[in-house]
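Heads up: the structure comes next, in structure tokens.
Labels run A, B, C and D following the written order; every chain starts at residue 1.
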Amino acid sequence: MPAWPDVRADFPILHQQVNGKPLVYLDSAATAQKPRAVIDALVRYYERDNSNVHRGLHALSMRATDAYEGARTRVAKFIHAADPAEVIFTRGTTESINLVAHSWGRAHLKPGDVVLATEMEHHSNLVPWQQAAKASGATLRYVPVLGANAEGGLDLAALDRLLTPSVKLFAFTHISNTLGTVNPAAELCRRARAVGAVTVVDAAQSVGHVPLDVQALGCDFLAFSGHKMCGPTGIGVLYGRRALLDKLAPDETGGGMVVSVDYEGASWKPAPERLEAGTPDIAGAIGLGVACDYLEGLDRAAIARHDSGLARLAYEKLSTLPNIRLLGPADARSGLVSFAFPDVHAHDVVTFADEDGIALRGGHHCNQPLMRKLGLTSTTRASFYVYNQPGEIDALVSSLQRTLKFFRG
Amino acid sequence: MSADLTELYQQVILDHNRRPRNRGRLPTANRVAHGDNPSCGDQCDVFLQLDGDRIKDISFDGSGCAISQASASLMTTQLKGKTAAEAEALYKKFHEIVTTGKEPEEISDLAAFAGVHTFPARIKCATLGWHAALNALKGDAAPATTESHTD
Amino acid sequence: MPAWPDVRADFPILHQQVNGKPLVYLDSAATAQKPRAVIDALVRYYERDNSNVHRGLHALSMRATDAYEGARTRVAKFIHAADPAEVIFTRGTTESINLVAHSWGRAHLKPGDVVLATEMEHHSNLVPWQQAAKASGATLRYVPVLGANAEGGLDLAALDRLLTPSVKLFAFTHISNTLGTVNPAAELCRRARAVGAVTVVDAAQSVGHVPLDVQALGCDFLAFSGHKMCGPTGIGVLYGRRALLDKLAPDETGGGMVVSVDYEGASWKPAPERLEAGTPDIAGAIGLGVACDYLEGLDRAAIARHDSGLARLAYEKLSTLPNIRLLGPADARSGLVSFAFPDVHAHDVVTFADEDGIALRGGHHCNQPLMRKLGLTSTTRASFYVYNQPGEIDALVSSLQRTLKFFRG
Amino acid sequence: MSADLTELYQQVILDHNRRPRNRGRLPTANRVAHGDNPSCGDQCDVFLQLDGDRIKDISFDGSGCAISQASASLMTTQLKGKTAAEAEALYKKFHEIVTTGKEPEEISDLAAFAGVHTFPARIKCATLGWHAALNALKGDAAPATTESHTD
């Protein structure tokens, strides 16, 4: 493990006991914990600057507007967007993807078109495309995953065959929330662009964990959630290339996104306003901006090494448990490990771990079709972030040993 | 192991989990229903051989945690021979047990599930098989889900 | 003015100077300030319980789920919904109304149908219906407002003529954010129901100000925003009668709202989950629940008396200013007053008031068509809430006098 | 009145606001463009009589705050006789003045708008008329809006 500062002191929630044991939080892929700086930013906003944005000329409103738009600029820098106007604030990854599926899908998809996804997509990057395909008469196809435990990642040879000129859009996850696979996103975007397909990258599991540059990736759209990267709940981002955003019709309409309204009709502002109808989550956006600062301060390349280092260590140590099935690649993986036992169900594993103060996630991880393909209904997942330590992996392994002993006798 | 956990994973439950009773497709079934626990992907099929209003034979199949498997298994042993109305009444009692922890004297093995009530997230596990069985009794083709708001 | 406790101590933001003067916040119709209790609830959540909801079995996740669902139950009680499942958490009023316009509109509206709105709707309860009408071929009609200054409220005689059996949906605001008019919502719902029309009530300006009982109103849908009722930004509610919600197709799809997904298709959970795709704004919902507690603690009938008492007082005192045009009814009005001068523009008024530490809103208040009908492009609005005091109205009047003197010489 | 506010509402501005120059529809106009400030509903029409590349005559009409009205009025006095390129260059300077507060010596009355820069929300007011004028010069039929991201 590379050297890593102990940042636990920055996270108030970690300093508690659960069931009489110190909390070991290994569920960051579901949601990350929040550093003091982010919590303080919310408090500061509500105690000093709270006001509605955009339409106000008084001091508070100007401060709130500056802070909100400042957050947009901050986030744009964090993902290396060419222009802050390419950052649309949404509730999260799910809403961001639905926005593209609705607005872009309705305008561009027609019968005979193909939407391409992969077999490892989260329901949030899968069901919206099923719906868009159904509504438009387009066909949805999937890039297969390779290997009995999906250890081979995406089948890039199959991708070559699947990426025909009928493919109008290719939606894929940067990092799988179940397998830990890191997909070659830049390469996938490059190949998609070669056939003229628009790319949608689900960066829910990547943007807070690895350095990310949308221009280097060459994607058209990219979606993520603040709550998975130390930000507040309820805020997320749709990044879109300016040229595409400018042509994107709004999905929601209402206050703040119109230029002119009469009783017959309305005209829209340019992006980003056009795609942000109604009062936005002002405090949430500000909190997300501060989360960007926090992660940048830790050095994002170092975070990537730390998280995947812990995951590799966990993979190694877990593989010593009898009759364990480990999913995803052994090596190049992001900060999580998913596993299953043939005779002990994930729910029982999670309940027993909780007894030891360890927070794990058990279930299908919004990945039902992939589970089914792998012959599973659920797995247990341990996921790591900046505040986790190698010692917590030892605690996890001991806890699992006790659980197996109980059920196996 | 804590008292709560020991109470949850009682010997009866572990036993039914390891050696489920009446598991598999019932060849003589004339009713079947499927149950889903959407929050975890657990599934349970219940097969009934109904003779008029009475459950002549019953089996289950599916996958899930120890609690859901043991509950479905134990349920089959309790429902065999019961009428639809009796099954309904028994579920009411079972539901009371898993949500409140109260153990009515007259019910024997079902009381093993009283420990569930301190783990509210597991109530859905314990009731999955029952939901499917009641749907099968009603002849309801729609899959049962534990996400109803009466749980 | 009825007696009223000074609750300013509950609101940290109010105790500051703006431009060297004590802050007088008269912009609560845009967004309300937050009591300490709500801010503390957010901090407590992030410091103790933060976790993803619904799919977790560990201690934090169970606590977060309980708190989130507890907030749903709390909000349901606050509006007297028959069932917590009738409360859908959204980003705010705008998203709530769009959800109905999209999901209900797509399923039910067809050419020849009429959607009825009123001339006093906020853009957020107007543009979505324009879009729904355009998409379906239905016609959008408006109930007129009466009087040169809209002092007569809705034209109820015209409503009789407009409410034909072709009207499939009637969307109207409970309280106008520009006029302060309180519409007879129960009466409007009753009349709409008589012709079989579904009702959508925009309660953005009412739910935090007056006691509200959706069952007594007899509405089908009702929308509001947390941020206007002392809650956090980014959270709001769509109330829907169970019978309608159960048939409402989801607009957004993704994690958390599905029962079963395979590569071909998906099936949905019942409401409310079906209509809440993705990770919700957990902290926001919890904060909104606490805002309900706070307002209930002040006695909602008393809040209504306080707010409208201040507005009537302001109306009276403002009417002494030379050449002022006051909008909306003189009497039965909610807690706001909108006014205009022929020779001094609202923006200049707001900038001068800000100089005196007074926060006002100037502009079209997302009410462009109504403004145009009244021969205005903008007004200045003072809006009141629980923390305002009669003395602040005197400060407002003196500030306006100085402004008029400056511009009029 | 604070120094900032005195600086914002300079005598020149108040004067143009009270007695706007070149206000109303220009009968000889061969170009017209409409400007919107969507954040407040202010509107401004600019009418041009173009002679080749040169602004032979100009007027404005619309409604808005003192800053936007005075700015449009003053603009018309400055643009009369200018070529499109000169107008463009003048707007660049004006934009610099209202966003930075810098007052280049050679520009006389426009410098009255230097006070705007301490009120960033009012920059859109000051530039509304200019946006419309530049659009009219380009012959751009789309309404100008101050919501572009170069503001």
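In this section, a contact is a pair of C-beta atoms (placed from the backbone, for glycine too) under 8 Å apart; a residue touches a chain by one contact, two chains touch by 3 or more.
As the structure is a prediction and not an experimental result, all values here were calculated from the model.
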Least step count from chain A to chain D, where 1 means the two chains touch: 1
Find the geometric centre of each of chain A and chain C from their Cα atoms only, then give the gap between the two centres in Å, rounded to an integer. 31
Whole-Å separation of chain centres (CA-atom averages), chain C against chain D: 36
Distance between the CA centroids of chain B and chain C (whole Å) is 45
Chain D residues counted as touching two or more neighbouring chains: 39-40, 119, 122
Where in chain A do residues touch two or more other chains at once? 19, 55-57, 61, 258, 260, 347, 351, 362-363, 368
Would you identify the shape of the chain contact graph, picking one of line, ring, star, complete or other? other
Chain pairs satisfying touch are A-B, A-C, A-D, B-C, C-D
State the interface residues of chain B toward chain A in the complex, per the touch definition above. 1-2, 5, 8-9, 14, 39-43, 63-69, 119, 122, 125
Note: in the complex, chain D contacts chain A through residues 36, 38-40, 119-122, 143, 145, 147-149
The chain A residues in contact with chain B across the complex are 19, 344-348, 351-352, 355, 362-364, 368, 371, 377-378, 406-407
Applying the document's contact rule, which stretches of chain A touch chain C when the two form their complex? 12-13, 16, 18-19, 23, 25, 27, 30-31, 33-34, 38-39, 42-43, 46-52, 55-61, 91-95, 97-98, 119, 122-128, 130-131, 134, 140, 142, 225, 227, 232-235, 251-256, 258, 260-266, 277-284, 347, 350-351, 353-354, 358-363, 366, 368-369, 372
Given the complex, residues on chain A that touch chain D span 54-57, 61-62, 65-66, 83-85, 258-260, 267, 269-270, 273
